[in-house]
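Same chain, two partners: chain A is paired with chain B first, then with chain C.
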Partner chain A sequence: MFAELNSILNSSPESFKQGEFILVSDRQTDASFLIHHFLSFYLRAGCKVCFLGLVQSFSHYSAVSQRLGVSLNQAREKGQLVFLEGLKESLGVLLQGDTSNGTPALDFLRDPSSGLRGLYDFVHGNIRGSEGRAEDWGPPVLMVDDLSVVLSLGVSVGAVLDFSHYCRATFCSELQGTMVILVRCEAEEEEEESDEGSERLQRGLTHQCSLTLQVQGLPTGYCRDIHGEVEVCWRGRCDGLQIQRKLFQYKVCDKGTLFFARGTSSAVL
Partner chain B sequence: MLLEVLQGTEAGGFILLQDTVSYSGRHLLKSYISTALKRLHFHNAYSDPLGWTGNSAFTVHQFTLEDVSTLIKQTPQAKAVTLVIDSLSWILRHHDPAAVCQRLQALKKGGAVRTVIVLVHTDMHQRGTVGSIRHLATSVVTVAPGTRGLGAVAKTTRRTKSGKLMQDEETFSINEDLSVTIHSKLSHPGHTHVNTDETEVDPTANLTFNLRLSDTERQAKEKLALPFVFSKEKKSALLQPGPGSGRILYEPDANDDYDQEDPDDDLDI
Partner chain C sequence: PATTATEVSVGKSTGDRLSCNTTSFQKKSRSKLVSIPGTRPSVQNGQLIVSTGVTSLDYVIGGGLAVGTLLLIEEDRYDSYSRMLLKYFLAEGVVCGHELYVASAQDHPSDIIQELPSPILDDIASPKPVESQTKPCDPEGPDTMSIAWRYQNLPKVQTALASSSRFGHYYDVSKTMDPEICQAARCHGFYLPEHSATVSPMPEAYVALLKNLQEVIHREGFDGSLPQTKSRNVLRIGLHSLGSALWGDDLCCRDNPSHGHALTTLLYGLRALLRSSLSVALVTVPSHLIQNKALMGRITRLCDTAVALESFRGSERETNPLYKDYHGLLNVCQVPHLNCLVCDLPDNKDLAFKLKRKQFTIERLHLPPDLSETVSRVSHGGLAGAAMLGSSGCGSAGNKHLDF
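On to the complex of A and B.
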């Protein structure tokens, strides 16, 4: 968890806004450092986290979280963390080819046109299943890394938006928990409105969310000391005249990330 | 004109609210609901629009003339009904645009509803889809973020029953109590950059040295004749040999008379 990001977002593990849908998107860079931040943040806050890891293995997140001071193995044993290892489970689905084996969560691998209903049922079941011990943990959190990968597996943008709508209705509105979703956009050359594409998915999710963090590389190119820019946009409110939007630059270090206002990097000053 | 549309002075119309990712039109929709509507009956199609969890009040597939009319008849004192849809983009994702237009028109013509107001996200659909909804509408309000972060800009287009078209563009902001404040009317929608001249900063102010000219200094500057500018006085001075100026005496020399076609001067033609 990054202390500077906490102060930018005005939240801390002791007090954070509930019912938020946080969308992390990136373009031509890697925003997964924000996912590590939110994972350690919500585990420290004592929330029950349901993590859909579709692009990396559990050991990857475990290793990074170790450096941030949180043990994912312990959290998983205690029942605080439910981790869906997309990569491992997908092998079972694709190689065995038998409908009786494997979790129905990854049914979209067998039949992309059926959408992400199976994934939603999995998430729903995991959160509902611990009704008895729900008081042990704080409000539930759903994290997805990353959602745009299912587009390349044949799932349509509409199906993904339906999935995120249902998750939002359950996690944010009903259970007053939080959702954090990472989408990665490819820079498309054509300016035409394409029906299927990560840009359309990102726009659709932005309409649904309450807070977006858009990460981009520097427009001037590669820099050793500044890895990119983050634009934070609060969508839920419309305080008077100002629309809430802030821009920061960041540098990813070994044990954290430094955030600073544009032009105030320590390498420059 | 925005306030007239929001206060519902136009009875029996179809109001279309268009927004994009940069600025959400939902705030304006809420403002309309709070100012124009006396009684609000909320039909929950949010928690389960596709029937995934099995306890849905209204699914997206029930958006037909019969089902919506039944829903309206169920509400007590159902006369002069205003139908508010948030958002039509959701329905457009699941139904054919032509069918949606037909159903909306049937609802209005059939007398079940008197006024319709819908919210559409223009960046989620193709231009043709948005265009066909626009054709149904009698008033179209397009919201976009304002320049320089001052609230938002609303472009209103109204079509009266006689066919007259009125357009307006205003900067507005929404207060805490959901009332709308209009800040300025832009009479020429394309000339918003004229406003920036008023706030141009004077570069000669706040300096430690003086860059300004006093009146005498300005006159002396204008009187100064530049050395290489060829003015009338200089021309006449050069052409007339004044007293004491050098005179040039020239006697034609044989070597100066070089004929290109006869260099040795020995042709006798």
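On to the complex of A and C.
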């Protein structure tokens, strides 16, 4: 986890806000470093994490988490981490198409119009399933990397929003846990094609969430020392706080990420 | 030990075996697995990488192509240079002894194989079968040198086809590869007109391709299904012009394609296959025909490395003195960060390529010095405007011409 990001978000593994829906979105850049941060953060905090890894293999997250000081293999063995390897399970569904084997979680690959009900049941089952041992771990956490890929697989935006709504009701409201979802957008925000799927998805999820981190490249172009900008936006709904926004620049390093105020990069100063 | 993007385990000490060093140091622990020829661990993060066949392309994508990943090439308008890159990729596979898988809806795979460029090697005695590798010397054997022991590990005669000390080879495009060398390589082809349709959610052609590819991977043991007696090898997959109308897809023909997610589902399945086997794929897509930019963005996201080519041929830039040394522009759209948070990349984003007989070079685009006697600002405006293009989304760092 990234120490600077913890101080920006005012949270630490010992004390963090519960019932949060955190949306990480990126536009023409890669925000997956934030997913690695949150994964190691919640594992350190002792929460039970359900991770839907739809785009990369388990070994990828494991290798990065190793550098951040957390062992995913151990967490999985202890039962703290439930990891759905989307890629591995998808082949069986895509090629054979039979309903007998394979997890029903990826049913949407077989029939995209059926929505993400199977995925929700999987998540629900894994959090509820170990009821007896649920006391060992902290509040449950759901992480998805990344949710917009299901749009490429044919699922409609409405179905994805339904999924996130159901998950939020379960995780955030009922169990006072946390949700962290990554969505990726391709188009520029100002283009007329704003009706495109991932844009609508991002807007719909922004409406539902309580904290967003929007990652973008620098508007002036590529820079080696500053990889981009992060806009953190708190949507205080429960306690009636105003919406608070902060903008930071970041640079991803081998073992972490540096966050700094605009214009204060060490390369500049 | 080298890490891979896939979960198949590869033998240790790959770096040791492949470089012919003059030290007499030998690792005590000799693992049973043989290192794969034509691959080496990346200097940045230890991942197993292969060469794309073009050494300058290897450089701009961070050293090489990681095993288990997918390289997307956005075709130039006439599909001339992208085809060339596909051929370099396959030729590199032949020279390194990898197995090949070629799929095309347009040309028969065997035609593509016959047209591969001929490799330029230092000295070839005769094309030996590629399976024989130079084995490391046994320290206790009768040939052990006792006086000139520092030269123990130098190769005796350079007759092996793959000069293992070099990563990546050079090719002469004016000649085609020797048929004997081609035949020594194991090649699996998928020619769409020869395959019958099957029923599924995707257009049938893509399903048939994915099924066939999975069968080959499983049968030949690239996913670790075969016992360890067989030495490990890498499968190079070349898929030509996916998304074009010949594959039965209307992505390139309509703004709202009827199966908008067919190609993206294929790419997802392809990624799943690649991550679970010792293979590397190169896919070319006619992106200039796809009107929907967001769709192209999704296709790029589903690939690991993405490179776009834009050739000057037939456009007004062909006669532009700015570009007279080059054949086109190359844009590195995306580079993956696998098993790591960040990887080191070359800085400059304005790249241009030219295809010479013996080399496909990719260079930084720079403006030639202005040697005209009368410096007129009016004429420079046109050149400067043209220099801005081609580096999409990366700002205007291309204009290095100082106007006095």
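Following the convention adopted for this analysis, the second predicted complex is superposed on the first by the 253 of 269 C-alpha atoms of A that agree within 3 Å, B and C clash if a C-alpha of one lies under 4 Å from a C-alpha of the other, contacts with A are read in each partner's own complex, and residues count from 1 in each chain.
Rule of thumb we're sticking to: contacts are C-beta pairs under 8 Å (C-beta built on N, C-alpha and C of every residue); 3 or more make two chains touch, one makes a residue touch a chain.
Not measured: the values here are computed from a predicted model.
J.: In the overlay, answer first, second, both or neither for which of chain B and chain C A:Arg44 touches.
T.: The answer is neither, since A:Arg44 touches no partner chain.
J.: With both structures placed on chain A, which of the two partners, chain B or chain C, ends up touching more residues of chain A?
T.: Larger number of chain A residues touched: C.
J.: For A:Asp162, select first, second, both or neither according to whether it touches chain B, chain C, the two together, or no partner.
T.: first
J.: Using the touch definition from the top, say if A:Lys17 reaches chain B (first), chain C (second), both or neither.
T.: neither
J.: Hey, what residues of chain A end up touching chain B and chain C alike?
T.: Residues common to the chain A contacts of chain C and of chain B are 193, listed in rising order.
J.: Give the list of chain A residues in touch with chain B in this complex.
T.: 117, 120-121, 124, 158, 161-162, 165-166, 169, 173-174, 193, 195, 200, 203-204, 206-207, 235, 238, 240-243, 245
J.: Taking the complex as given, what residues does chain C use to touch chain A?
T.: Those residues of chain C that touch chain A are 3, 5-7, 200-201, 207, 210-211, 214, 260-261, 264-265, 268-269, 271-273, 275-276, 292-294, 296-298, 300-302, 337-342, 347, 349, 393-397.
J.: Across the complex, what residues on chain B touch chain A?
T.: 21, 23-24, 27, 46-50, 52-53, 89-90, 93-94, 121, 123-127, 145, 149-152, 173-175
J.: With touch defined as at the start, can you tell me which chain A residues reach chain C in the complex?
T.: Going by the criterion above, the answer is residues 28, 30, 32-33, 36, 55-60, 63-64, 67, 87-88, 90-91, 94-95, 97, 109-112, 149, 151-154, 184, 186-187, 191, 193, 196-198, 217, 220-222, 224, 227, 252-257.
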